[in-house]
Structure formats: C-alpha cells, structure tokens
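Across the two complexes that follow, chain A remains constant while its partner is chain B and subsequently chain C.
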Partner chain A sequence: MTMAATSHDTAAETAETSTRKQPDRTFWLLAPGVIWMLLFLVAPILMMVYVSFWTQTTFKIEPTLTLKSWVTFFSSDTYLGALWTTIRIWLVVLASTLLVGYPAALFVGLFVRNKTLSTVLLVLCVIPFWTSFLIRVLAWRPMLGKEGAINMILMSLGVIDQPIEVLLFSELSVIIGMTQIYCVFMVGPIAFMLGRIDPAVIEAAQDLGAGFWRILRTIILPLSMPGVVVGAIFVSVMVLGEFATSAALSGRKVNLLGNIIVTQVGSLKWAFAAVAGVVLTILMGAVVAALLRVVDLRKEL
Partner chain B sequence: MNATGIKFGLGLYTALFIVFLYGPLAVLAILSFQTGPEGGPQFPIIEWSTYWYKHLFGLTPPSRIAPLPIEQALVRSLTLAVMTMIVSTVLGVTAAQAFRKKFRGSGVVFYLIVLGMMVPGVLVGLGMALVANTLGIDRHWWGTAFVLHVVYTFPFAFLVMLAIFNRFDPSVEEAAWSLGVTPGRTFRKITFPLIFPGVLSAMLFAFTLSYDEFSRTLFASGRDLTLPLAIYGTFSVEVHPNVFAFGVLTTLFSFALLGTYAVLMGLSVRRAKRFAIQEEA
Partner chain C sequence: MSSVLQLKNVRKAFAGVPALAGIDAALADNSYISLLGPSGSGKTTLLRVIAGFEQPDGGEILFAGRRIDGVPPHERGIGFVFQNFALFPHLSVAQNIAFGLENRAIDPVTDGRIVAARVRDMIGLVGLSGLEDRAITQISGGQKQRVALARTLVTEPSMVLLDEPLGALDANLRTRMRGELRTIRERCGVTFLHVTGSETEALAMGDTVLVLDRGRIAQSADAGTLYSRPASADVARFLNCYNIFPGEIAGESFVSPVGALALGGLTQASGKPGYAIRYDRVSIRPRDAAPAGDEVRIEGSFVASEYSGAAVNSFFTLDDGRVFEVETHLSHAAPEAYEERGRYALVWKREDALVFA
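Our next item is the complex of A and B:
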C-alpha cells in the first residue's frame, strides 16, 4: 500500500522533490528489518565477545574484565581437543559431502537432458530438507546400531559374522549422519552450475577427440568450481555450528565446540561458553573468507 | 554427452544416492509400527502394531515409558511458527521493496540481513541468552526465542522477495496509475497477484524453518519446551519407538504443508495464465 502510494506521488511530482523523497522512503522501508538485525543479531554477538572477557565465578559472571577464561580455554586439553575435533570433523564431512554429492550433481545437472526428470530428481533431493532435522538425525540410530538395519542386512547377506559395533556411538556415525544431512547443500549449487555449461563446449571437446576423464578434468570441474565453493560455504557454516548430530549419534564421545558451549551453558559457565563461541566465530569467518578467495563469486555467478 | 556407460553408471549412483537420503527415514517409519511396550527401537519387528502412535496421544495404559511431552509443545511451536511467519514475511517484503531502488550502503544492508541465516544458532542463541541475563529479561519462547527465529527466517523471505521483484516490471503498476486506478485497487489487482507466489514461498520457508528450529530456541526459550526441544531432550536418554512415531507424524505434517503450498502455487500460476490469455485476446 505505502509503496503504491509513494510511487504514485513521485511519478506525479517533479524530479527535484522525488530525489528528496526517495531516500526517505527507502529508509522507512529498511528501518524495521535493519533495526531488528542490529538488536537481535549484531548486539548478541557483540555481547558474546564482551562476556568472554568477564570474570567467571562458580555460579555467575561479573563484568570485571579479565583474560582468565581465554587462558583457561587455551590451556585445557578438553577445549583444545574440542577445537581440533571440530576442525577434523568439518574437513572430513566437507570432503565426504563433495565426494558423495558430486557424481549425483553430475548426473542431475549434466547428463539428464529431460527438464522434467532433472527437476523431479532435484526436488527429491530437497524434500528431506523440509522434514525435521532432529528426526533425520535420530533416524540414523536404528540404521547404525548393533542390531540396526545395516548390520542386519550385512549379516543376512553373509558379508559379516559379527555385528560391526563401531557404526554407532563413534566418530564414524557422526560423519555418516552429517554427510547425509548436509550433502544436499553440496548437490544443489553444483548441479546448478553444471546445468549452465553449454553442451556445445563439451561436444567440441569430444569432436576433437577428448575422452570423458579429460573433459571432466579440463572443462567440467573448472566450470563447476563456483558451485563447489558455494556448497562448501553452506556445509562449512552448518557443520562448524553443529552440536545435535554429535549429541545424538556419538554417545558423548565426540565433543565439538558447539557441544562445549551447550554443556558450559548447562553448568552456568557463561564466560567459558562465550570464549568457545568467539573461537567458533573466528574459525568460521576464516573458513568462509578462505573459500571466497578460491573463487571470485561475484564474477562467476 | 553420449558416453552411455558412464551415464548408466551415474544414473545407478544417483538412484543409490536417493536411497541414502531416504533410507534412514524409511527404516524409522517401519520401526514406528513395532509392538509395544516391550518392543524396542530395532529389528526384527516382533508384531506390527500402532501401539506407539496411541502411546503418543496418551491412549495406552501407563507403562514404564513416559509419554513425550508434546501436547503443550505442539501448541507453542505452531504459535511461534505463525508469529515468525507473519513478521518475517512483512519484514522481507518491505526490505526487498526498498532494494528495488539503488541506494548508498545497499551492500552493507544486504550482508547484514543475509548474515542472519548464516550465523549458527548456537552463537546467536548464546549471545541472546547473555543479553537477556545482563538486562534481567526473562527468557521465553514467545520473546527472546521468537526474535531469533525472525533473525533466521527473515533473510530467506528477503531473498525470495528480492528474486520476485527482480523479475517484476514496474511499468505494469505505472500503467494502472496513469489510467486512474486507485493505489489500493492497483495493489490488490496488479501488485499483489504478481508478488503472491513470492509471498507464499516466503511464508512456507519461514513457517517450516521456525517449526523445526531448535539450536536458537535451546538457549533463548527458558523453561517451556517447543516441539524440537522435546525431541532434543530424548537424545540423551534411551530412544523408544514413540519418538519414531512422532517423527512419522511430523514428517507427514511437513509434506501436507508442502502439498498445500504446491496447490496454492498451481492455482496462482493458472490464474496468471488466464490473465495472459485475456491480454492476448
């Protein structure tokens, strides 16, 4: 309504008044959203940074600035272990989502020439995203358990005699679960980039005698790189901020920085939680910045 | 590409990939029909039954397995999702509307908004809890958790509306005004039908994301549980098939939402086509 009304005014009025009114209108349209984000996104993050320098006593925090929580964090094996576990799980999941997702994206984006079929396949990949995240995580328990579906199938096929116990409540189960949950975010952007490759380029390469692997290496992979980077950013941000998958599938054996934050908040150690949060923020910022350096997204997209 | 062997191989792989995506949910659905209360969350199925569905609604005699605390939680989650949907769609439409004109600092504002969907819930949740503690505000699902839900879903609504406005031809609106149609009628007859698919998508995004959201809610919601928090609470204890039954029901609910969306979208597309035909004639 306001939009229609003000645009009507500007159309009728002279150019001079419209340039005066324009910034005004933009300001009022943006103000609610920007204020909301400043108050409820930027302020909490700044507060977290601030509180990481507060003094932690047994049950509460006091606004006396100190570096003690930081020193505790970087001299504790538990916290440093969690930082290292987070980085390790992130790298493994990033690689596995790429390996698992790329061939599927290749098929959907490049090999399926039928528009309807490729849309159906993409929708099939996206639908699980609409169902409850926690339920999808939990669904891995009956799959991977000692009496789970995978062990049962392998045993009845005669592949193994004893159930594989390492499948559940281990680092492996966390990696399997995260790969399944996040690989959709890898497949989507890659399939999108592959779909934009001009078939004539590939035909030309074939006419010149290039085999599939050569075409893959010299044409398809480089042209899909922006998709890989976008997918990697999605996956990285989500995996680094994770704690639910490890809580559900590792049986407390895998502690990510997210899990550290949850347990610290649970025992009212707000300052330690804030330190872990700031470390996580820095890690995430560094990862995203590094990925953006690989490919200039503005140029490529 | 005409490498038939490779295409076949990749096709087979993609089929397996889809099994990988859906397999766990299928197993979960099968096991939700395990007999109860003695049947555990694993194979083999001792006897097919709907015991755990009845257990969910409190229709079974009391047993050692406590019912999931979902009744209150469901009401809270749905209310929260509707609140979030309305506010983030309104914010998304207005912010995207502002972006139809070029203005100074648009890059900064764009990244500020998109940051909301990128920053992990555990960080904003923690930050919000700290702010609330310092200011002495009580944390509630309808207060501190609600504003964080909007922080998360508003960027989605904004991006969807931005995409819609990019393809929007302003001359249609201008034509209506120059023909003397009132702004109100123009909005109802021209602008709204054109942006309706976007608004619908933004609403679907906001509702679904808020309904499933839990990492922000975990720190910011205080004592009262929302539905995802009730599920998260079962992670630390032994899992029984009642959680699986709940998973099946909530998945069906999500599908019903998607279905409603698809029907409304189809209607709107058909309506747009009818208008196009009228114009040609």
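Our next item is the complex of A and C:
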C-alpha cells in the first residue's frame, strides 16, 4: 500500500513539474527576441516620440515639453513638400516596380515550368545585390548623365540631337534608380505565389473557353495577390525610408522625409528630426496596415 | 450511330520516345466510352492531345466533322475533367461553375440572370443544391468531383474527357459516383470519354471500352465482348481475370512451359501466340480424379487463398514457378479448405480457353 502511494505521488509530481516547466521554456525561448525588440525597437520609438516634443533652440535642446517643432513642421512648405514628395515618389515607384516586376514574375514563376531554370532566373535577379547599395545607385550616373550612355546612344542613332537633360538630377532619375533597386523585392514574392498555382487550374480555364487575358485577370491575378501585397509591403517600407538614392541621383533637388531627417540630425536639430521620424513611422504603419487589409495573408500563405 | 470524334493515325513522341504510336479510333455520339490502359500506355497523353493541351506530331483529329488539331483548347468545345479536379481555389462552388459561361472567348453569357439560372440547373443536376456559396476548400472530395463535372457540363460541350475522374476518391464513393456519372451523362446526351487504369471501372462504365497498349488501340469492343473475347494475350492480361501461358501451337495442342494443352476452343489471330483461361472457369480437384474427355488438366501446389465475400481466389504454383489463380464463386458452395503445398489438379474445359495464334 505504501509502495503504491509513493509511486503515485512521484507520478503526480513529475506531471506537475513538466507542466510547470512548459511556460518556463516558452519564456526563455522568447526572452532574447522580446528583450532585443524592447531595447532596440520599442524604446527608441518611444524616445523619438518623446524627443519630438522637446524644446529646440539654435544651439541646444532641452527636455521641456512643447508643441513648437510639430507646429513648425506642419506650417513649413519645405517639410510638407517633402512629405508630399515622399508620398508621390513612393506611389510612382510602387506602380513602376509592379509594372516591371509582375510580367517578369509571370515569366519566371509561371511560363518557365522547369524548376531549376526558374530558380536560376531568380538568382540572376539577386546578382546586383552582390555589389554595395551605393555603387548600384552611383552606377546610374554614367548611364543617365548629360553625356551618359543613354544620351550618347540616342544621339548617335539620330533619335535626338540635344541630350535629354531631365534624365539625371531630377525626380525621374530618382524613380528610375529606385525602380531598378527595389524591383526584385516585388518579383520574388509574386514569382513564389505564381509558382504555387497548379498548371491544371490554368488548363481548366483554357478548356472552359477563356483566352489568355481573361485567365490572367480572373485566375492568375487573384491567386497571386498575396505575393503582390507582400512585394508591395517590402517596396513601400524601403522606398518610404529612402534617402541615399535621392541624394545621389537628384543633386539634392528631390528632398524626401528621409533626407530631411538626415539633414536635421546632421545639424543636431534632434526635435525636428524626431518629428519627421514620427510622421514617417506613422505613414509606414498606415501603408502596411492598408496593404494587409487587401489580402488576409495568414489565410493565403 | 454517328461518330463524334475520329482519330486517324495520331502520333506523339516525347524526346524521341513514342507515347502514341498511331491511334485510329472513332468514338460514337451520345455514349459512354471508357479508355483502359496500364500506366505508361499513353492514355493521359491521348486525352491531352484530344483536348488540345498537347499538339500531336502527326495524324488527324476530326471532331464533329471538323479538323481540330492545331485549334487551341478554348476553341474546341471539348470539356475536360481533371484528375485532381483543378477547381479554382479562390472562387465559390457557384462561381466555379459559372466561370466558363462568363469567361469563354466565344459567345460568353453576359446576362447575369441567365448565368445564375443555368448554374442553378446544373447544381441541381449534379446534386449540389445548398452548397452554392461554399468555398472549394470547404467541400468533400465527392462534392469537388461534382463541381468539376458541373463546371464542364454547364458550357454544353459536345464531348467530355475525364482523366481518371474517380482516382482521387475513396472506394465507397467511387462505386457510387460510377452510377452517378452514367446517369448524368444520359441526362446530358453527350459523349463521355473516361480514362481509367482500373479494368473493373472500365467494364462497369463503358458502353464501349477502348484498350490502349503501348501507344496503340489494342481493342475496341463492348464490355461483354472484351471480357469474354479479348483480342490478344496483352489485352487479356490487363483484364486481370485470365491465366496466360506463352508458347506456340503445334498440331492439336498448345505447347506451353507447363506442358501441352489440348486445343478445342476458339483460336484467334493476334500476332503473338498465347493461351488464356479465365480464373473462374477452372475447377480444383483432388490429384487422383480423372479428367473427362473434353477437359484440360494441369497440376499445381496450393499456396494461399484470398476470401472476398462472394468469391474466393486460390493461388497455385505450377511446375515452372508460375502463379496460377482460380476464382471460385461461393453463391452455392462453402469455401473449401486446401492443404498448404498440397498438389491439386486444375481442370478446365477445352472450349473455355482462348488461344491466340
């Protein structure tokens, strides 16, 4: 009897420790990530919001709370202009990466049925990333410049007799550069979703009498929407936070929110920089939230 | 009966390996045709060539009197039901069925009410009422099968190709869908060409059964003829109900590895000699029982038996190591117990055997 009771106790105890151990393990597994995010993401964002209300004078910044920086930001044509330019360039680049990226993804993900070949093609898209970001951006200068490759070729072909000056140091050059750099982030997710479409589904649509454009609109496009949304989130987040491409390719004519932040930080105007940072963060959050409403990614992926 | 589809010497090779080696066939209008073939016989290729997903290397395909090789699939008017149904995963049951009517390039139905009415009729016909708004992921395998069929039938094709349509269903459902497919076809009055690797399915479903072997039509006959009079030893093998011996005819007997078998039944010319006896035409007797004058007798040792309710299949090893199968129907008899490794006489009537010369 005693024996039985003892063994029963031990069993109960083991069961108890194992259920107690479970949350312990979960805690330890989550701790590094949570601590990291708290220290280096949540805390800085809160700090940024806080600093945006500090008092900024020409030479110093004091933790006296004021709305002055916010009022200055929203009453200045420069800052509002930068916000508007950021939104405009973001929309144009989003549209152009989609326009260039979707057909490329269609080719890689759907028309190339050989898995090895489509992987090779995707890797080819990634090859530019083997060089530094700055080199990729600066490489556009000898292409787009007044005496750059494009102008030279067009002139020697006799298409134009004056070089097209708008190609470099303009909004156009920023858009061209960003489209090239961020296009692959659109191609990847879309090609992945297209590759998952059962070829028989497309054959079924053909057999039911639908032509190519109909199938593209009614079958392929809806089935690839999750890829479009993921690609759009990648491109949006990166373009909205951009400053290097516009600095290198616009000759400081195009000022994005990112450029404002860089300049303000450079001249130690922390409060202004923080205001611009908060505005940019809110804008990104809103864009991502809106994109996630388009498709329920948890259901689709 | 007029023929809806004619194939004349249709050929197709993949990387030099012939998949279709000259198919000649005429499929009757308003009938259920099953196409039986082992895997690798080219049956899916043939179906895809007829549907237009593959281009033949040579030959002619005539559909309703018009040549269609070279015509793209969406202009052929031939319906295709895929093995895994290939339903549109982002559309509901009703939207899947309406797809063809709304989106076909030729003569699309733009009036929403007509589409809705025809979809409703079709949903009734295949027995899916009440599931119109379900997502494709929320219905069972049998229901998906019906959606796939309805989606094709609603476009009123003159012919429907079904690629192993019951292969993805479980055994119970498969038997029930057999009857339903036939009923649905009779109501629509179009020709169904049903591809299958199962001989029971081919025999049960087809008004006509085509047997495909190594890229050629080996036989085209009604189920009864096919079963009792296969045209060659290979066809007999696919039917899975014949013991087949190789060998050759010498005088009044067929010389096989298990001895000389006396002739007496039908001898058919087929190119490759063979001797076939149906599983259920053989009786098992004690070794010492003498055969009657019109009987053929061989000996074998009992290995095992397999009980399937209405019948029992017994397996014997013959002297050359070959396995010999006997099917005994149990409608009027209890299963007999045989001694393992015991020698028994296997006896059949001469005229029951099929001899191929």
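Convention: the second predicted complex is superposed on the first by the 284 of 301 C-alpha atoms of A that agree within 3 Å, B and C clash if a C-alpha of one lies under 4 Å from a C-alpha of the other, contacts with A are read in each partner's own complex, and residues count from 1 in each chain.
Just so we're on the same page, a residue touches a chain if its C-beta (ideal position, glycine included) is under 8 Å from a C-beta of that chain, and two chains touch if they have at least 3 such contacts.
What you see is a predicted model; the values in this text were computed from it and never measured.
Visitor: Once both complexes are superposed via chain A, do chain B and chain C end up clashing or fitting?
Guide: Aligned on chain A, chain B and chain C fit with no clash.
Visitor: As a test of reading the superposition: which chain, chain B or chain C, is in touch with more residues of chain A?
Guide: The larger set of chain A residues in touch belongs to B.
Visitor: Please indicate which partner A:40 is in contact with in the superposed arrangement: first for chain B, second for chain C, both, or neither.
Guide: first
Visitor: Thinking of the overlay built on chain A, is A:198 touched by chain B (first), by chain C (second), by both, or by neither?
Guide: second
Visitor: Examine A:108 and indicate which partner it touches, taking first as chain B and second as chain C; both and neither are also allowed.
Guide: Once the two structures are laid over each other on A, A:108 reaches chain B alone.
Visitor: Of the partners chain B and chain C, which touch A:218 in the superposed model: first, second, both, neither?
Guide: second
Visitor: One more residue to check, A:208. First (chain B), second (chain C), both or neither?
Guide: second
Visitor: Determine the nearest approach in Å between the Cα atoms of chain B and those of chain C after overlaying the two structures.
Guide: Nearest C-alpha pair, chain B versus chain C: 7 Å apart.
Visitor: Please identify the positions on chain A that touch both chain B and chain C, taking each partner from its own complex.
Guide: Shared contact residues on chain A (touching chain B in one complex, chain C in the other): 206, 215.
Visitor: Within their complex, state which residues of chain C touch chain A.
Guide: Touch residues, chain C against chain A: 51-53, 72-75, 78-80, 82-84, 86-90, 99-100, 103-106, 108, 151-152, 155.
Visitor: Can you tell me which positions in chain A touch chain C when the two form their complex?
Guide: Going by the criterion above, the answer is residues 198, 200-201, 203-211, 214-215, 218-219, 222-223.
Visitor: Per the contact definition, I'd like the list of chain B residues that touch chain A in the complex.
Guide: Answer in residue numbers: 1-3, 6-7, 10-11, 13-14, 17-18, 20-25, 27-28, 31, 41-43, 91-92, 94-95, 97-98, 101, 103, 109, 112-113, 115-116, 118-124, 126-131, 133-134, 147-148, 150-151, 154, 158, 170, 173-174, 177, 183-184, 186-187, 191, 208, 212, 214-215, 218-219, 228, 231-232, 234-236, 239, 243-244, 246-247, 250-251, 254-255, 257-258.
Visitor: Show which residues of chain A lie in contact with chain B when the two form their complex.
Guide: 1, 3-5, 7-8, 11, 22-23, 25-26, 29-30, 32-34, 36-48, 51, 100-101, 103-104, 106-108, 110-111, 121, 124-125, 127-128, 130-136, 138-143, 145, 147-149, 152, 180, 184, 199, 202, 206, 212, 215, 237-238, 240-244, 247-248, 258, 261-262, 265, 270, 273-274, 277, 280-281, 284, 288
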